[in-house]
Structures are given as C-alpha cells and as structure tokens.
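The structures considered in this document are given below.
What follows is chain A paired twice: with chain B in the first complex and chain C in the second.
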Partner chain A sequence: MIRDRRVWLWFAPVMLVLGGVYLVPVADVIRFSFSDATLLRPVTGYGLDGYRAAYNDDSLGVVLRNTGLFTLLSVISLQAMGLAIALLLVRGDRRRLYGMGALRTIVLAAWVIPGIANGLIWQMLFSEAPFGAINSTLRLIGLAPVAWLSDPGNAMISAVIANVWQGSAFSMIVFYAARRAVDPVLYEAASVDGASPVAQFIFITIPQMRGALLVNSILVTIQTLNTFDTILALTGGGPGRATEVLSLNIFNRVFYSYDLGGGSALAVLLLAISMALTVIYLLVLMRKGAR
Partner chain B sequence: MTPRMGDRLTYVAGIILAALFLMPLLWLVSLSLRTPAEVYLGAARFIPEAPTLDNFRLILTDRAFGTYLWNAVKLCALGALGAVIVATPAAYAASRFSFRGKGPVMVGILMVQMISPLVVIIPLYRYLDRLGMLESHLSVIAVYMAIGVPLSVWLIKVGFDTIPKALEEAAAIDGCTQFEILWRITLPLAAPALASAFILNMIMGWSQFLVPFILLTRDGQLPIAVAIYNFAGSSSASTTQLLAAACLVAVVPALAAFLALQRLIVRAIMAGAVKG
Partner chain C sequence: MNMTTARPDPSGQAVPLGATLQLRDLVKRYGPGPAAVDGINLDVAANEFVVLVGPSGCGKSTTLRLIAGLEEVTDGVIAIAGDQVNHLGAAARDVAMVFQNYALYPHMNVAQNIGFGLRRRGASRAEAKKAVAEAAEILELTELMHRLPGDLSGGQKQRVAMGRAIVRNPRLFLFDEPLSNLDARLRLTMRTEIKRLHARVPTTTIYVTHDQTEAMTMADRVVVMNAGKIEQIGTPMEIYDAPVSRFVAGFVGAPAMTFADGMLDDQGLTLNTGLHLSCTAQHRGPVTLGLRPEALTLGDSGMAAKLDMLEPLGAETLALWQTEALGAVWVRMPPDPTLRPGATAHLQPDMTRAHLFDPVTGRRVT
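Entry: the complex of A and B
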C-alpha cells in the first residue's frame, strides 16, 4: 500500500481531461436544467420551469413510450441474435466446420459501420420507391410491397432491424467468450444421462451464462438508450413522432428549438437512467467477483 | 439427431445468417456501381449490366469527399492517440500500485464511460462558443480524446496486468528509475494492449456524428460521417447511386482497418466487456 500522495500524479492527465469534458459539463447540465437559458442566451433566473415545461409537454409521453419500445425490442433482439450466432460459432468450432471465422468476420463487419451510414444504408433497403431493395425483391417473387418507413408501426420495427443488424456483434462476442468458459464436462455428463440438446441448452447453457446475459443486457440497454444516429439517418424520428426516442428528442430540442432548459432537464433524465443502470451493473460485477 | 445432421443444420443456419448480414453491404455496392437508369430497375439489376465507376469519381472529385475523409482520419487518429497517451500513466498506476482510493477512482472512470456525449455536448458547445473555439478541429479532437479515455484506461490496465512484475524488479535492481522501467520495459511489452485501445478508439471516432455535427459547421472541416448525413439531406431518388457511393466511401476505410486488425479488435471488445 502506497501512502505517498504523489501517486495521484499518475492520474492527473485523466482527471484533467475527464473533469473538463465530463464532470464540469455534467454539473452544468444539471444547473441549466433548473434555469431559463437558451442555447444562445445566458441564464437570467433559476426555477423548475424547464422541468415543468419538458415534463408537461404532450410529446414526452409518446417519446418515452417510443424509447421504451425501441430499447426493449432492440435489447431482446440484439441478445437473441448475438446468442444464436455465438452458439452456432461454438458448435462449428467444436465440430471443426468450415467458414466459422468468415461468419464471425461478416457479423463483426457490420459493427464497425458508422451509425449514420447504417441509417442511410437501411433507408435505401427499406425505400418504398418501386425500385427499393426489399420491396422490388418482394415484387419479383410476387408479394405485395410493405410500407417499411411510412407506416408508424412498421417504422419502429424497421429502426429495430437496422439497429440489430449493426449491433449484434457486440453481444455475439460477449456470449462467445462466456459460452467457451463453460466447463465441457457438464455437457459430457448430460449427454451420458441422455439429455437432449434442447434440455442441455435450458439446463446448462442458460444457467451457466446467466452472469454474461445479465451484464450484457445492461450494457446493451445503456448503448441503445444513448445512441440515436441510426434513427436520425433512417427516419429522422418520423413519420410524425413514431420513432422519436428520448436522445433524439433532446438533440432536436436543444439544437433545433434552442430550448436549453428543457433539453437539459431531459438530458438529466437520460443521465439518471444511465447511471442507475451502471450502478446495477457494478453491483452485479461485484457479486460475481465475490463468488 | 446425428452429429452429421447437426453439422448440416449448422451450415444452413450459418449461410442464412451470413447472407442476412452481407446483403445490405452487397446492395450498397450494387447501387454504387449503377447508372441512374439501372437504379430504377431495382432488384432485377442486382448485378448491373453496365457497371460504372462514375459515381465514385463524382463523389471524390466534385463533392470534396476526399477532404471529408482526410478530416475524419485526422480527427479520429489524433483523438485516439491522445486518449492512449492520457490513459497510459493512470492505467500503469492502477495496475502496479495499491493505494487508498484506487477502487472508487477506477469505478468512477468506468461510470464516465456510460455518460452519453449528448449530455455533455450541450455545455461544451457554450464553453467553446464563449472561448471562440467552435469551428476548430482542436476542440473536436479534445472531446474525442475524452470519450476514448475511460475504455482506454481499463484496456491498458488489463494489458499491464499480464506483464510479470519480476521483469520490472530485475530492471530496478539494475538501477533503472521508475520512469525508465515504464518507458524501456513495460510499455514495449504492453504494445498489443496500447494498439488495441488505439484501434478501438479510432473506430469509435470514425463513427462519431454528434460531436463534429454540433461543434463544426464549415463545410471544408467536416468529417465523413457528418458529410454523408448532409449529402443525404440534399439528395433525391435520382441521386441514390451517388449517395450509395458516398456511404461506401465512408464505410470502406473502417472495414479495411477492421479486416486488417480483427484479432486485436475482438480481444479488445472481450476485455472491455468483461472488465467493464
């Protein structure tokens, strides 16, 4: 144990950078949220007007509902897709099948694509013009076209699909690592006892990977809540407000309506949700570490 | 079910998944090689009959996309480098010394990683406006750096953890100072961890949209992610093939870097997800 205070010098650069770009601004966002400032006008008074206006706004209910739905559908689908691919890869590795590395590379490739490009690519795929990728394919095989982006319900599904295409790789890697850490003896014993693959999945794989599933679902939830660039490029939050999620709403409020107080009040909400999830995540990690 | 049948099912599922994940990119390539007339033929011309590179020529020369690419490389490379330089001393101290308050500080750094840049960009915009530092690449690089620091500290710490202390102790007996040990012995051995932190930061910076979109407005300064968003706003059905080419130009450098350095990146994601 070092008692010398100088040990903190090693942390000075990190403190300086994170303090300047995160801690001070976070404190200021909380201050702004209680003020009447706009993006260009300084604070002239403090009060709860920002909160009152933002939280009484009729649109907020819709936005929060969208956020909940988008996050829930995304988190479930991202993990289901990630888990399916991870288990497939592990099986392929074990049986020494060809092409498993290629599959992993293809899924990961989508992950490095910028969110904005992702939104634009899917906009071309979902395009409802007669020559749009998916709709013209449907027509080729004699099916009716689908209103992917102009129908409010479908637009939400489309946004989730685009998000899942890009994001599954993260869950895939986490689950791949977790699955490989499961003791193979468990599966051997189960096979000897005559357990079917489905039973092995339910009684060995899922319980053994419980920790990874929990940790990953929290991380993926935070990532989904905090990003909006795919939605911005794909639907712009529309049609109407059908795909406008909280982070996109804050972005629009502050940078298009110049409503700094209201935007900050909602940014504080976003921050509070992220931090609450992070605390749960840390508690989970500590419990895992203790065991 | 016999193992052979299981293998066949695995192959079928693998091929379907690979196709699902590959199709969007293939469609993008297909569109970017078409003439406007062929764009209107939709899926029937998935493989263009008269492929053309004109779209790329137009995008890279007329539209200044070369400048946008260079801006993006510059911003994310310097931001990533800065993050690694700032994170390394803290990571070393966290790996090698035990002292009061280390746990809370490391947890605090991890919590910062969970804060959306959207929350801090609002005040940052005002500070930079007051300081007259909007429209400056330096400001954007500083913010990229801060965004990359938390993950970098953790990744590099994990890297240092794997280097045996005995090597450093031997150097200390030979009379090296603490700084010499770090510079001459530990850092070279930690090169893979430093490299994966750098690359992961590069990829995150390449994807970054919000920060440059808010802090920069002059066209010649924009990185590629912002440029394609603006370009999409001004494009119509008749320029779909140009938008596709622009998207491809934005995506290919990230894909190329990823394909070249896949092992490092996968390891970094694993370490990042497991440790924080």
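Entry: the complex of A and C
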C-alpha cells in the first residue's frame, strides 16, 4: 500500500470523471426510486410507494420471464456464433485464405450499428408485408411465410436473432484473441497423440479457452440484460408483452407512463442483477490472475 | 520388416519391434527459393537410434516434422515399416514425438498427459491407467502423477513428455531437440536417461539436435545435414575419423578442427604460409589441411608456437596456441601446471591423423 497522500492527486481526475458520469446518475436513480416523481412533476415526497407499485405490478412476472428467456437464448447463441466465427477465422488465417480481413470487418460492421438501426433493419427483414425480405424469399422458394413478429412465440425468437446478429462480433473478438493465444504446438502434440479434430476441440480448445468462455459469458449476459433499443425498434415489446424485457419495461414505464419513481425502482433491480454478475465476473478474473 | 513382428523377451511377453523408416528423395519447399529439405535419402533399421545433426536451418527439424506428419511432403516418399505414409496424417502414423518445449497439455495432470494418446487411440480407462503407471514407474514419475505441468521442473516436464511417448509403444520415436531447454547438468543426466530408456524400451528413434556432442554420444548412426541435404551418414566414430567434407570435419568435434590451405605435390604438402609437411596422399594440387586438436603434439621440432590461452578440464587441458603457419590452433594436452600463457614451444603435426579436403568442393581427398 502506498502511504503517500499525494496519490489522491493522481486519482482525482479519474474519480471526478467516474463520479460525474457514473456515480451521480446512479445515486440519482436510487433517490428517484424512493420518490413519487413523474416526468411531469418534480418530487413531492419520499416513500416506498414506487417500489410497492412497481413490484406488485401483474406484468412484472411476464417481464422477468421474458428477460430470462431473452437473455438465456441470446447468451447461448451469441457465444456459439462468436466461437464458430472465431474458430473459422483462425482456421482461415492459418490456411492464409483470402478475404479473412473482409469477413472480420463484416462481422464487426454489424456490431457498430446502433441498436435502434439494428431493430429497424430486422423489422424490414422480418416484415410480414409484401416487401418483407425473408418472407419474400421463403415465398420465392415455395415455402409458406412465417409470422415473425405477429406471433408471440416467434417474436421472441426474432428478437434473439436480431440481437445475436448484432452482438456476435463482441464474442468473436474475445474468442478470436483467446484462440490465437493457444500454443499451436499443443495441437501438434495432440495430433501426434492420435486426437481427431473433434477430440482436439474438446480436449485442447475448450479447456484452453475456459477463462475466455467464462468471462465472455458474464460480459455478454450483462450486455444482453441492458439491451432494449433493438427490441424497442423491432417489436416495441409486443405483440402484447411477448418481447417486453425488464430494460424495455423500465423505458416504457418512465417515458410512456411518465412514472419516474416506479421506473427507477425497477432500474435498481436491474442494477442489482448486473452488479451481482459483475461481482462473479471479478471473482473469476481474480481466480484466473491468482493461478 | 513389419511392426507386428515380435520377439520374446525374458519375461515371456512379446515385445514389439520398432518399425523401419525409409526416406526417398524427400523434398520440402515452403515457397520460392531453396528447399528446406532438398532430396534426402535415409534408411533406418528397426530399433536403431539415429541422430540428425546440423546447424540451425539445415532442415533437420523439418525432416522430423515431415516424418511425424506435421508438414506435408512436397516430393518424395516416406515409408514406415515398408508402407508409404505420405498421405496419412500425424494421428494415423502411430509415431510419438517429444517436442523441444515439451508441449505438455497445461490443463491436464501428469497422468492425464501421459494417458491422453492411449485414450484417443481407444484404450479403455483401466488399460490406460495400467500403462501410464508402468511408464511412470520407468521414468520415476509415480510421485508426480497428480501435478499440473506448471508445477513441474524442466527435467520433470521432459520426463513427462517422454512418458507420453513411450506409453503408446509407437512405431517410431521422434525427438526434436528435447534437451535444448535444460541446463547443462540436467542435459547430461537426461542424455544418459534417454539412452538407458532406448536400451530398456528399444524403439526406432530419430533424434534431432544441433549439439554435436549429443549426436556423438547418443547415436547408433549420425546423419549430418547442411542446407537441406545430407552431408554424411555414419557411426559417430566414422563421422569423427573420416569426415567426407570440410563441413562435417568442422562441425563435428570440440574444439573444432583447424584448417589451412596449401599445395600437395611430389615433395609433400606446402602450406600457403610456407610450412612444409611430409604427406603420403596420392592427390596432387591445392588442398585444405584439417588437423584435430589431438593430431598436434608438443615437441622439440616443428612449428614455433606461443601459448595464448588454457582451458584446464581436469583430466586434460585444452590449449590455444598461436602459430605463424596455422594461425590459432587448439591442442589437447595432458595437464601441466607449469605452462602459462605466453610460453613458447614447437608443435609437431601427426600427418597420419591429418585430413585433406578439396578447397573448391570441400570434399575429402586421399
């Protein structure tokens, strides 16, 4: 531990920035969560009414179930897609195939598109109107069109697809770096040992990338929990509440119902979930660092 | 010769013979420019210990990787036990390899590392366990079975890597500079251990090293390589006593051979520096004379020399003398505490132990 008090001088800028950008807004959300504030009227009193109303709302169960389902499906698919693309890229690199850079760029291009735009793009693709790209294609090859967005069950799948399309790039980067860090001689030793490509994947690649898989799954979970812009543009949470996740519910509560207090009370719940995941993430990181 | 051939051993069990290995006009090219391996021919008998030796970039490691199936052959044939294996991947060749940096699986313990190859080749858990225990016994690894590679010393890692190789009874053992990451003392110990292992578990072995001492001490036959080609194949003593080229003569032996250019005629050998030596060789014309440190002795006559440096090794002393006729020469001498740098003496070359090479082609002449 450094005793010198001047250390705080060096910390001051980062503390000011972090405090101003993160801590003050978070503190404000917590303050609002105990208030009766709405977007139309400032705080007139503090209490637990906001919490009581928000947590007793009948829709909360559905919203949490949607959030869990959306997050679970997204995280599994994001990791699978990210891993598949990363392994493909590494293989392509090793064989010095042309177009690997282009492939990386295309995947990353999806990642830099704003969530709202992503939602709009997929809304057009999934559209059940005559110009809907996917249904037109299905019709072209003689298949029946699919109710991508109007069917409650399909809408959730559609939202996951849109989210995965955009988010895979992040997992891809993490896994690409992790896979490149695996000593190639391990694969040579394994192939001399008689391991098939599948066995090499199971016994070398997966264990060697375990740390990256763990860390990435937590990061991706937090990201997905906070996703609402894509869904907002794609389905608006519908049909009914079929795709309404917690973050979107908070957004709707605050900006459509003007209920700042209730929205903040649920935001605190979302914050708590994210914080818990962050703690797990830090524990994983520290254990990795300790080894 | 076939790997299924077995011979009885004293315990009554059949011990599989190592396979033969043939390389025919083997070529490996990575791109334009000179080939990494440039038309190699080699026949290795069953259970023979062959060492490929040469300077960095001579193609010895590439040759080994071609045999292992880790690189694709550009041209030529590799045959194990008489069967061409060019088209087979590493997994199908039934060879075992010890890598320079051990290449242990970091997430598996010692037992799992050794047993991995057995399990991948379909051995049951119980079979693998038994074989692993036997291999560990031979290599004195029994105490370390549950350690991870990260917790092992260099020598222990080396032994695990060897355990991984011997446990499978492979047709060929391939060693890629296995001792180069160890300190000098451990290198010596492991050298003995590998030889002892080969005596105990005879298997056809190809061993790659850049260290000529390792090559000389371990090999049944040494293959000296240079620039993708084989310079000479022979027993260690053949290589030492009758090097076919100036390259082999200079590469093998420590301290290195001393070379001097001269002219051979009916009067004998006259060096460019003016020194005249009697010589019975039939060859006439310009030659390069090569003298090993033991081919020079101190005497009353011969070249005038001044002592430059002494390297006492205990049983003998290596002395670096400066001479007009040959430049700096190493001489192997009995220990002599009275000698000090700066001393002067005469050096007498023993021409019966001299080597003569063509100065243009570098080939040996007689």
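Assume the second predicted complex is superposed on the first by the 284 of 291 C-alpha atoms of A that agree within 3 Å, B and C clash if a C-alpha of one lies under 4 Å from a C-alpha of the other, contacts with A are read in each partner's own complex, and residues count from 1 in each chain.
Going forward, contacts are C-beta pairs under 8 Å (C-beta built on N, C-alpha and C of every residue); 3 or more make two chains touch, one makes a residue touch a chain.
Since the structure is predicted, the reported quantities are computational estimates derived from the model, not experimental observations.
S.K.: With chain A superposed, do chain B and chain C clash or fit?
M.R.: With chain A aligned, chain B clears chain C, so fit.
S.K.: Where does A:Gly61 make contact in the superposed view: on chain B (first), on chain C (second), on both, or on neither?
M.R.: neither
S.K.: For A:Gly47, decide between first (touching chain B), second (touching chain C), both and neither.
M.R.: A:Gly47 contacts neither chain B nor chain C.
S.K.: For A:Val185, decide between first (touching chain B), second (touching chain C), both and neither.
M.R.: In the superposed model, A:Val185 contacts chain C only, not chain B.
S.K.: Look at A:Pro130 in the shared chain and tell me whether it touches chain B only, chain C only, both, or neither; answer first, second, both or neither.
M.R.: A:Pro130 sits against chain B, while chain C stays out of touch.
S.K.: In the overlaid three-chain picture, which partner chain does A:Val254 touch, first (chain B) or second (chain C), both, or neither?
M.R.: first
S.K.: Of chain B and chain C, which one contacts the greater number of residues in chain A?
M.R.: B
S.K.: A:Gly240 in the overlay: touching chain B, chain C, both, or neither? Say first, second, both or neither.
M.R.: Neither partner.
S.K.: Quick one: is A:Ile204 in contact with chain B, with chain C, with both, or with neither? Answer first, second, both or neither.
M.R.: In the superposed model, A:Ile204 contacts chain C only, not chain B.
S.K.: Under the stated touch criterion, which partner chain does A:Asp193 make contact with: chain B (first), chain C (second), both, or neither?
M.R.: second
S.K.: Between chain B and chain C, report the minimum C-alpha distance in the superposition, expressed in whole angstrom.
M.R.: Scanning every C-alpha pair, the shortest chain B to chain C distance is 8 Å.
S.K.: Across the two complexes, find the residues of chain A that touch chain B and also touch chain C.
M.R.: In chain A, no position sits in both the chain B and chain C interfaces.
S.K.: Of all residues in chain C, which touch chain A in the complex?
M.R.: 68-70, 89-92, 94-97, 99, 101, 103-108, 116-117, 120-121, 164, 168
S.K.: State the interface residues of chain A toward chain C in the complex, per the touch definition above.
M.R.: Chain A residues touching chain C: 183, 185-186, 188-196, 199, 203-204, 207-208, 210.
S.K.: Can you list the chain A residues touching chain B in their complex?
M.R.: Residues 1-3, 7, 10-14, 17-18, 20-22, 24-26, 28-29, 32, 39, 84-85, 88, 91-92, 95, 97, 99-100, 102-103, 105-110, 112-117, 120-125, 127, 129-133, 135-137, 139-140, 165, 170, 173-174, 177, 197, 215-216, 219, 222, 225-229, 232-233, 247, 250-251, 254-255, 260, 263-264, 267, 270-271, 274-275, 277-278, 282, 285 of chain A touch chain B in their complex.
S.K.: Enumerate the contact residues on chain B facing chain A in the complex.
M.R.: 1, 3, 6-7, 10-11, 13-14, 17-18, 20-22, 24-25, 27-28, 31, 39-44, 85-87, 89-90, 92-93, 97-100, 105, 107, 109-112, 114-120, 122-127, 142-143, 145-147, 149-150, 153, 203, 206-210, 214, 224-226, 228-229, 232, 237, 240, 243-244, 247, 250-251, 254-255, 257-259, 262, 265-266, 269-270, 273-274, 276
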